[in-house]
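Going in written order, the chains are labelled A, B, C, D and E, and every chain counts its residues from 1.
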Amino acid sequence: MALNQFMFYLLAAVIMVCSVLTITSRRILRAAFYLLCVLIATAGIYFMLDYQFIAGVQLILYAGGIVVLIIFSVLLTSHISQKFAKPGLARVIPGVLAAVAGFVLSAMTVLSFPFQPSGQPAIGNDMRTIGLQLLSVEKNGYALPFEVISVLLLASMVGAIVVAKKEKSKEKP
Amino acid sequence: MIEGIPMQHLLIVSLFMFFAGVCGFIIRKNMITILMSVELILNAVNINLLVFNKYLFPEQLQGHFFALFVMGIAAAEAAVAIALIINIYRRLNSINVEEVTEMKY
Amino acid sequence: MRNELILAILALVILAAEIFTTAGNKHKIITWSAVLFAAATVAGFLPHPEGELFGGSYRTDQMTVVMKNILNLGVLIVFLQSFDWLQRKENHDKISEYFLLVITTLMGMDFMISSGDFLMMYIGLELATIPIAALAAFERFSSKSAEAGIKLILTSALSSGVLLFGLSFIYGTTGSIYYADIAPQVAVNPLQTLGFIFFTAGMAFKISLVPFHLWTADVYEGAPVNVTSYLSVISKGAASFTFLIILYKVFGELLAVWQPLLYTLALATMTIGNLFAMRQDNFKRFLAFSSIAQAGFILLGILQAGNLGSTSVVYFVLIYVFTNLAVFGVVSAVSHATGKENISDYKSFYLTNPRLSLTMLMGLFSLAGIPPVAGFFGKFFLFTSAASAGYYILVFIAVLNATISLYYYLKPVRAMFIDKTDTPIATFRTSLPTRISLVMCLAGIFLVGFMSIIYEFIHAASFGL
Amino acid sequence: MNILNLFVIIPVVTMAAILFTKDLRGARLVSAVGMGLQLIAAVVLIFSFFALRKAGDSAEFLFYSDVTWFESLNIHYAIGVDSIAVWMIGLASVVVFAGIFASWQMEYLSREFFISLILLATGVFGFFISLDLFTMFLFYEVAVIPMYLLIGIWGSGPKEYSAMKLTLMLMGGSALLIVGLLGLYFGSAQAGEVTFNLLELSRINFPVTMQRFFFPFLFVGFGILGALFPLHTWSPDGHASAPTAVSMLHAGVLMKLGGYGCFRVAMFLLPEAANEMAWIFLILTTISVVYGAFGAIWQKDLKYINAYSSVSHCGLVLFALLMMNQTAMDGAIIQMISHGLMTALFFALIGMIYSRTHTRNINEMGGLMKVMPFLAVAYMIAGFASLGLPGLSGFVAEMTVFIGSFQHQDLFHRVITIIATLSIVITAVYILRVVGKILLGELQNPEHQKLGDALWFEKLSLVLLILPIVAMGTLPLFLSNTILDALKPIVERLTAMI
Amino acid sequence: MSFQYTILILLIPLACFLINGLVGMKFKPLLSGILGTAGLGIIWLLSLFTAYTYFFQVGQVNGEFQKIVVINAEWLRFTDKLHIDMGILLDPISVMMLVVITTVSFMVHLYSIGYMHGERGFQRFYAFLALFTFSMLGLVVATNIFQMYVFWELVGVSSFLLIGFYYDRPSAVAASKKAFIVTRFADLGFLIGILVLSYFTGTFDFIALTGSDQSIFASGAAASFMGLSALTWAALLIFMGGAGKSAMFPLHIWLPDAMEGPTPVSALIHAATMVVAGVFLVARMFPVFFFQAPAALELVAYVGGFTSLFAAIIACTQFDIKRVLAFSTLSQIGYMMLALGVSGYGGHEGLGYMAALFHLFTHAMFKALLFLGAGSVIHAVHSNVMQEMGGLRKYLPVTHLTFLIACLTIAGVPFLSGFFSKDEILVAAWQSNKFLFAVEFLVAGITAFYMFRLYFNIFWGKEKTYAHPPHESPLTMTIPLVLLALGSIFAGYLPFSELISSDYKPFETTLHLSVAIPSVLIGLAGIGLAMLFYRRESTLPDRIAASLGSFYKVVLNKFYIDELYLFVTRKIIFNYISRPIAWFDRHIVDGTMNGIGWVTETSSQKIKGLQSGRISQYGFVFAIAAVGLALVFIYFIN
């Protein structure tokens, strides 16, 4: 077994195990940690796919940003030592059922599908190409989404601020 | 493209992750863990997009960019969601979804 | 693109205004924003070039322009109706945020409508969703409002995850995210069907089709009235139209899948929506289920997959904007004046506030599809388009559902006109902007139906499969 | 301008004018003037129509005009009348005008009352002048919906329940109608462009399979309004709870929309299916006729008696229509007019009696002839018209129906005709029972001694209705012959298929 | 000679009705009485003039009376062939009826001025009388069967109105209702008969129906239904209508009760005119019955015979004088029906036909006289019951005398009119059916008995104590009595067979002594028996009644036919048909509608758990729905 194969299956195993742990762990901080593992392992896969840029973004944005945000909010809202009660069967059964059914169905469909590679030569995914495409206004250029997502981020920020603003006055209307 | 690894294996991983997320969304009570489940879901999607891009359509970077933007949006979503969770926490002193059922039927 | 640019500029202006106004002058922002937005709305009616930009990521044609104008008009009315609410003391420090969020989400919808690829569509969709969650949680002192916000953001996150998951398969099987490139690649095969159905689930969430509708009622009830009206009218209209465009322009080859799919969804949506609406007493929740049922009717138009279908859907949305906003306008006026939001509070309302009651009456009749108000035309043409595709049984069930819906639309009517109470809502005066908005709605309710020129105009811009 | 437009314009203007009135006096005055004009217009219409006919204008529909409305859907505002429609308009005008006077003292929310009432009338008039099925349907719905408010606000008894039931059942009927109408509309594509135009549709021979599918939708859809058994139950409750003028208008005119639609749309356009399926509906209508009459015997509430009687009489309308011969259909239409007038008269009288005695229970009244002779005599005239006394309109109608129906070749049709004739005896039983109980005999309730007779506006209202009943009963020839002429193309189309 | 003026015979009473009905209340009562009477006087004279001109001047052409259609205007068109015309047909029987009706009606109008004096609703009374007269005249001059039906119904309603004249008396209201409904039921038969007849013959016209062209009946004779030809059915049904109006068994029950109306009304409607409409109808349709439906004609005979016996027996036991007269009327009409039933066609064969109409004519005179006389008695003593009367001959001389004449006439005492007409009937019966003859022979005796029972009870016997002494009626009442008495005496001398016959050709009749003598004897026997029983106060009748026991009771209660009807209407129709239907309508039909609403409401209630407010559940539904739909659409559809 080649190294990269080994690496991949290792990462895959980490991803799958940690995903399950994320959703089953009864301590929330551990769940966050498992999520972090999943995200990092995913970044690993991106590296293996030769998508360094996106792997980097994954590490920075997800692992560095979102997970931190989550941990931060966990600290704000929960006691670290708090251990959740085991979820009751009334929740687990439907959840597992939906997930298993969905997984089986999608897996069957995906595995039986004859994917057709385009066979075209690959475009380079170096920073230059990415940068050019990101600013291009032609087809396969992403200037517009880039602009719009900035609006989205602005709006989200405003929204988050509005929601989280400290109440100035306590009196009820 | 990872040498020696068929695309389907990658897809199975992402599918698994996706449905683990779905499952987590359903079985967890804590809003933050639900949010984590959502992150799992989005992450699985990203894997899909990138895998397809790499294995099938390497001539363009459409999946790649799509995944990039999804990440950005996921971050924004998480930010707003966390703000809302804190908002709820302030009001109810709890972030258990079972307790935000004032409105029903 | 002009519309989006104007909106962006407007958003910036408001942002700047927020920074440069003093606390005492904040309320002026309300008026100015509304006036500026009115100007933007008017500008929308100027001739507009058609075509593509950004290599096909952004496209506009007559229909999208029409649709955007409809949305602008609706948002303008919503703004007018929000005056009273925004002028309250506890909202003073969030006025510009409100406008900013609404305008950016509207921009998101515009991009969604004009999108030429799935990436733009997705970003537009999220732009039109995430800030709304913040808007839903706008009410500071209401735990319901907070609940609405969290429910919206979490469920919409799940739904957009599923939608993306679907899209990833569409990408995987067709090799592109551009509509124009995907369309020829689409074929009926398991994976594409899977992807398509997951995509539809996500869209159905936005349009609140049964069984993807569950968030709707809770969010509508909890959110501030004006946000609810925005959500139920503008957001739903934009999503429906987008869905229609994508079905027609991208998934035309999957007709054999999505016609029966929409058939099923339409049946479920109308029936479940009606069954739930029957039991509601809270007006907003009532209207939530009513709007779910209405979404079911919209599917009847989409189903037709031809010019008739797209025309009747857009026409219906136009009418729906006026109609639903008329009802919401009254609900919001009453809610702001008295804090009462239940149907049972409206007893003897006609005796104390005849004009508002009549407006509400017209709105409800229009929702129920009773002539001579416009709702009748809207619904009739939807039925016509479903029938033109041969779905007579569906039409029959739909009309039966419309009959059931009449049952509950008449409940508020009964409360207002028939039921007697000793403690009716006292007579109150509505503010000028509210009145203007209601007059606009009433004019729309009456004119859009009879003035066939509007229908013909939309028809001229329509497109089919 | 086409005179027919007046029938929509006048009510709309009247409604607008009522908005500017202050109180009951103003509202009723404006309504009376408006509907008076309407009545005059109807008379003018009748005269000019027959003047044109006499001058040799033999087009199927006169005063035809056609304005494109929704161009891309080929929906038009097409109007025109044949003599049947003309008579129906005449009927409606009389009943509406009488209805205004019957509600002369409507104190509570009077402006709203008159507006709703006239809105109802608008729907009725619009329906009769329409030749485009879309506008026809639109007016139909316009006519149905003010009922809810009228019954709900100004009604009595379990008014909310009745109003809701009536509205829902009638809207359920229109659910069927929509399907049928759309079926016709798209079915017409085989002859070129899709159309709602009645005249164009009538030139198309639809495939039989299609006719079989859509005929029940259309017939039952209209039939519900025409109180087709077993979908008639909105009628007793609705009529019982409605205020006087509304009962008058509803039983008198609105129910006629059902019968009119049945033959003008369902049977005329889908003749083969009509022929094939007539037997089913004939059985149902025969049941209606007898069942309604028997049902009326047991009732104690005057309005219920009359409502069941309407079920019986309207059943006879549909019954005769389904016989598909010129005479029977002629009878059906005369019966519509006759029933419209007399049932309006009944309801007007019941309202007037109720406003005095405050009861509608026949066991609580008696001997009213002594205290209110005018009302009593009018009631007896209505009763006699209802039981088919010669010299009043009911006789002409019923005889034409029975003679016509009995001319049918099939034994089945003749046998059910005989069953249907039973109703005239049963009708006599319940009418006389009521008359005997409430008008004749000794004065039951000493309180009633003080009650007064009809006031001037009540008399006016009653006389307005009695006059045409008597006129139709004594000189029916012109009416009947003009209707026979108008039926000719319809019957030809219906029988050509056999 | 043109008969155009005969239209006035119809129009004048109509005008009287309209004037008295619409504006009569504004008049002084007497004025409207005089107006009505004057109108009737005019048409009486016109009728007599018409009769004279028709019978003796222009009616007969070539030894056959003509059917003259004076006017015939289309009134309502059904099809090209079937249309109702309104017109006037003059032929022997209609002209004869005109005379009968106008005569009796005029007398009654005149009489009522006195009789109804001071009654509330005097003008209304005259209006109704005029309406009745108009309708009855319209009936007899009808040119077609449907016109007849139209007026037939109008006659019924005017009868209803007049019986219920005292509308504040519950018994009068009940009686009027009963009369109307029973006759209405019979009319239903008439109507169906018309439907059947017109369906097969394609015409309503009497001239066509009774003409010589029999081809129009071909299809009807060929068609059969339940073993009888369609035309027999038609005839039977038409006879049903006639039987209802003429109160033949078993549709007779309304007539005794109809005596609740004012006595002049009884005289006019329920003795002389309306009740013989059935006889007139059968006579009018006689050729159809005779040629096309002999079976029906036979039934007519038997029904007539039975009714005459049945009613005569009941009459013997009644105490209300008007009821006695009512049953007597039934009995006499039974005679007429029987005569028609046994009649043949043409010449002497048609003796029964002639006899029936002859008896109709004389009966009108003497029965009207009897009723008016009874009215005069009632007017005097304010009671209907014969036990409260007695010895009145001293107080009411004119009434007494005229009443005696009438009684003698009806008893068939020779040389009074009743003798002649009854004799013809008995002869006709003898010639055709011995059994029926025997019945009629017996009835003749019973008739004499009960009439004289009545006579003696009123005018002889022990004098009762009266609240205020009885006195003779005013002139307006006695003049009609005298005139009718004259009519009763002399009407029999008309050469009837030369005027009226089944084939419109005059023929000769002679007195058949072999029949006449026994019948006179049995009549005298009846009178003698009555004299024995009732001349003086005696216990004999009571003893006989007691010895008859339950039979007497059954007869006294009119064979319980009323009770049977009550049972059928109240119990069966009301309780077992109408009530279940009303229940069915409320609970099953309406219940289904409400049930649909209930199901909707309930399902709405039941599924509310779907919207639990829990995000996890929302997520689950979302996911499972997406997966489920995908599953279905991937693997099951396409």
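Methods note: a residue touches a chain if its C-beta (ideal position, glycine included) is under 8 Å from a C-beta of that chain, and two chains touch if they have at least 3 such contacts.
All of these numbers come straight from a predicted model, not from anything done at the bench.
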{"item": "Shared interface partners, meaning chains that touch chain B and chain D", "value": "C, E"}
{"item": "Chains in simultaneous contact with chain A and chain C", "value": "B, E"}
{"item": "Contact-richer chain pair (by C-beta pairs counted) among C-E and D-E", "value": "D-E"}
{"item": "Chain nearest the overall C-alpha centroid of the shown protein atoms", "value": "D"}
{"item": "Interchain centroid distance [CA atoms averaged], chain A/chain E, Å", "value": "101"}
{"item": "Distance between the centres, which are taken as Cα means, of chain B and chain A, whole angstrom", "value": "5"}
{"item": "Between chain C and chain D, centroid-to-centroid distance (C-alpha), Å", "value": "42"}
{"item": "Whole-Å gap between the CA centroids of chain A and chain D", "value": "69"}
{"item": "Overlap residues in chain A, where contacts from two or more other chains coincide", "value": "91, 94-95, 98-99, 102, 105-106, 109-110, 115, 118, 140, 142, 145, 149, 152, 156, 159-161, 163"}
{"item": "Residue numbers of chain E (touch at least two other chains)", "value": "608, 611, 613, 615-616, 619-620, 623, 626, 630, 634"}
{"item": "Residue list for chain C, restricted to those that touch at least two other chains", "value": "119, 123, 126, 130-131, 133-134, 137, 149-151, 154, 158, 162, 169, 172, 175, 190, 194, 217-218, 279, 404"}
{"item": "Pairs of chains, among all present, that meet the touch criterion", "value": "A-B, A-C, A-E, B-C, B-E, C-D, C-E, D-E"}
{"item": "Residue ranges of chain C in contact with chain D within the complex", "value": "308, 311, 365, 370-372, 376, 380-381, 383-384, 387-388, 392, 395-396, 399-400, 402-404, 406-407, 410, 413-414, 417-418, 452, 455-456, 459"}
{"item": "List of chain B residues in touch with chain A within their complex", "value": "1-5, 7-13, 15-30, 32-33, 35-37, 39-40, 43, 46-47, 50-51, 54-62, 64-65, 67-69, 71-80, 82-87, 89, 95"}
{"item": "Residue ranges of chain B touching chain E (in the complex, touch as defined)", "value": "22, 25-29, 34, 97-98, 100-105"}
{"item": "Partner chain D, residues of chain E touching it in the complex", "value": "74-79, 82, 84, 146, 149-151, 153-154, 157, 164, 167-170, 173-174, 177, 180-181, 184-185, 188, 191-192, 195-196, 198-199, 569, 573-574, 577-579, 581-582, 585, 589-590, 592-594, 597"}
{"item": "Of all residues in chain E, those that touch chain C in their complex", "value": "600-601, 603-605, 607-608, 610-611, 613, 615, 617-619, 621-623, 625-626, 629-630, 633-635, 637-638"}
